[in-house]
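Just below sit the structures, each encoded as structure tokens.
Each of the next two complexes has subunit A plus one other chain: subunit B in the first, subunit C in the second.
Presenting the complex of A and B:
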């Protein structure tokens, strides 16, 4: 059975805890437990933190919307914000210093998210900036 | 796959430049957004057909105005369309058959700087309700929504009559019809969202209920909610010092809205300014910054 749930809160650090609780609650209701839930929470934490720190930088924070769509053997998570958009870029060959590039102003390293998710996409459109994370159920 | 995202400081255009998009090219793709500018450059009859989708037929029929001809039973035109060629905005208004001086419905929509849609203004009131002259002072000067000057006597009367700040008359109770119609127009024009600036706290709360999210100002709304609670600084500032700052006003949306209109946010170093909201087509964001609110 397919289920969709959505929560929209302000883009600030305190929201991360509410998002984690929402993911846990929604997944448990769908019978999903264990590592999958932990991976989703970790990936959303990382993605949301970047939006909070960079996407809404220098402005009164707007909304951050988290949607979970469960079905077809996967969980699809969409994180939508309305702040400054991001764009893909190639940081070049990393050296020792760039191990910390996740936290450089305006940057958004995705390797944490790639480690836990099966697919990642990002688009900016008229209706916001959308990061879509897919976690296959039953996958390691 | 991309491994990194970098912050982009410049806004991303969501549609073609309106000036480079003749309407006749639109049969190339039905998903290509249409601009107000492009529609305004059509013939009068063509744009009238298209803008007709902005008006809910049940609203017009309630006043016995034909949704097709826009005329009342006396064959008098009651809908006014301002959509000049070369302009990037459209204003559409409805006049009550018994009052040709002031529209009871007014909607202004415009292209914005990212080629999306901006709802510049929307007003819908009951033309049979008493009018409160909060839009002009005792000398007849415009108050500009109470930002430049205020008509305190009229505002106080309006507040006691149950109106929110900047409202001239009571609500008509047809806002949902209008917003549904607006979404239909968005879909027709292939736009996925539209934005607006809520002029008052009450308006922001209403737009939340209509499914809007915040581009800017979500935190401000949360701060307002927190500070109006007992023990909060806004709660303490409801000290009876003006008719708009009475102690019980924290309990209702309208009460808070009047206090904010009266400048109470400045007592805690905040301002009602630069809020921006967005409505995604077909989606209710579910924002609720004043849970279990009483209007």
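Presenting the complex of A and C:
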């Protein structure tokens, strides 16, 4: 069975918890549980936080739209915003010594997105910036 | 997210409950730095009630570990749930921060 659900909220930190709750509800309704849900919550949280902090920097916070498409053995998440575009990449993680020396390490969020998702893509068009995350079901 | 502090032997136990994310991490950081400023450099974070953390929580953990160690103390975690442990492991933090099965063991580790 295929299902498609979406929620649109203001790009502010309060939205992060609402998105996680939406993912949990939508996945549970489709019979998806466990670490798959944990991974989706984490990846979307990190992507949304980046948009809130950087995508709408120096702008009034605009909309942040989250869409979940479940079917074909996967969950496809599309996060759409209308702020500054930001092409994602996997920065990896620094080793322990660097972590303890570096004053302001960053990039964990992006790393988590690539660690937890099976595919990450990004495109910008007249309808906004779209980050598309794919999590396959039944895969470890 | 809720945070309460209690003294236990030579340490301060920060009992944290709820989710640590971009919304709540600032309050957590402020509370922990407040304890460090009071001269409490041995802090145990009881994570039994923490059901979620994102990278925002990791930044708080790292900043607190560094500041505590700079002052001759440490910031140690206790009772970390599996979902939160996965995030610590993905980031390499499990090798940086000392983690104990419960708050009592973490407090005892400072003796």
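Heads up, the rule we're going with is that the second predicted complex is superposed on the first by the 117 of 140 C-alpha atoms of A that agree within 3 Å, B and C clash if a C-alpha of one lies under 4 Å from a C-alpha of the other, contacts with A are read in each partner's own complex, and residues count from 1 in each chain.
In this text, a contact is a pair of C-beta atoms (placed from the backbone, for glycine too) under 8 Å apart; a residue touches a chain by one contact, two chains touch by 3 or more.
Please read these numbers as outputs of a predicted model, since none were measured by experiment.
Visitor: Considering only touches as defined above, state whether A:108 meets subunit B (first), subunit C (second), both or neither.
Guide: A:108: touches subunit B and subunit C.
Visitor: Contacts for A:61 in the overlay, against subunit B (first) and subunit C (second): which applies, first, second, both or neither?
Guide: Touch partner of A:61: subunit B, not subunit C.
Visitor: Determine, under the contact definition given at the top, whether A:4 touches first (subunit B), second (subunit C), both, or neither.
Guide: Neither subunit B nor subunit C is touched by A:4.
Visitor: Subunit B or subunit C: which reaches more residues on subunit A?
Guide: B
Visitor: One more residue to check, A:33. First (subunit B), second (subunit C), both or neither?
Guide: Touch partners of A:33: none, neither subunit B nor subunit C.
Visitor: Touch check for A:128: first (subunit B), second (subunit C), both, or neither?
Guide: In the superposed model, A:128 contacts subunit B only, not subunit C.
Visitor: Would you check which partner chain A:45 touches, where first means subunit B only, second means subunit C only, and both and neither mean what they say?
Guide: A:45: touches subunit C, not subunit B.
Visitor: Considering only touches as defined above, state whether A:88 meets subunit B (first), subunit C (second), both or neither.
Guide: first
Visitor: Considering only touches as defined above, state whether A:120 meets subunit B (first), subunit C (second), both or neither.
Guide: Touch status of A:120: first partner only.
Visitor: Looking at subunit A, which of its residues have contacts with both subunit B and subunit C?
Guide: After superposing on chain A, subunit A residues 105, 108-109, 111 contact both subunit B and subunit C.
Visitor: Using the touch definition up top, name the residues of subunit A that touch subunit C in the complex.
Guide: Residue positions touching the partner: 13-14, 16-17, 20, 35, 38, 41-42, 45-46, 49, 52-53, 93-96, 99-100, 105, 108-109, 111-112, 115-116.
Visitor: Quick one: in the complex, what on subunit B touches subunit A?
Guide: Residues in contact with subunit A: 1-9, 11-12, 14-15, 33, 114, 116, 191-193, 213-222, 274-276, 278, 280-281, 283, 285-287.
Visitor: Taking the complex as given, what residues does subunit C use to touch subunit A?
Guide: 19, 21-23, 52, 54-56, 58-59, 62, 65-66, 83, 86-87, 90-93, 95-96
Visitor: In their shared complex, at which residues does subunit A touch subunit B?
Guide: 6-12, 50, 54-55, 57, 59-63, 65, 82-91, 101, 105-111, 114, 120, 122, 124-128
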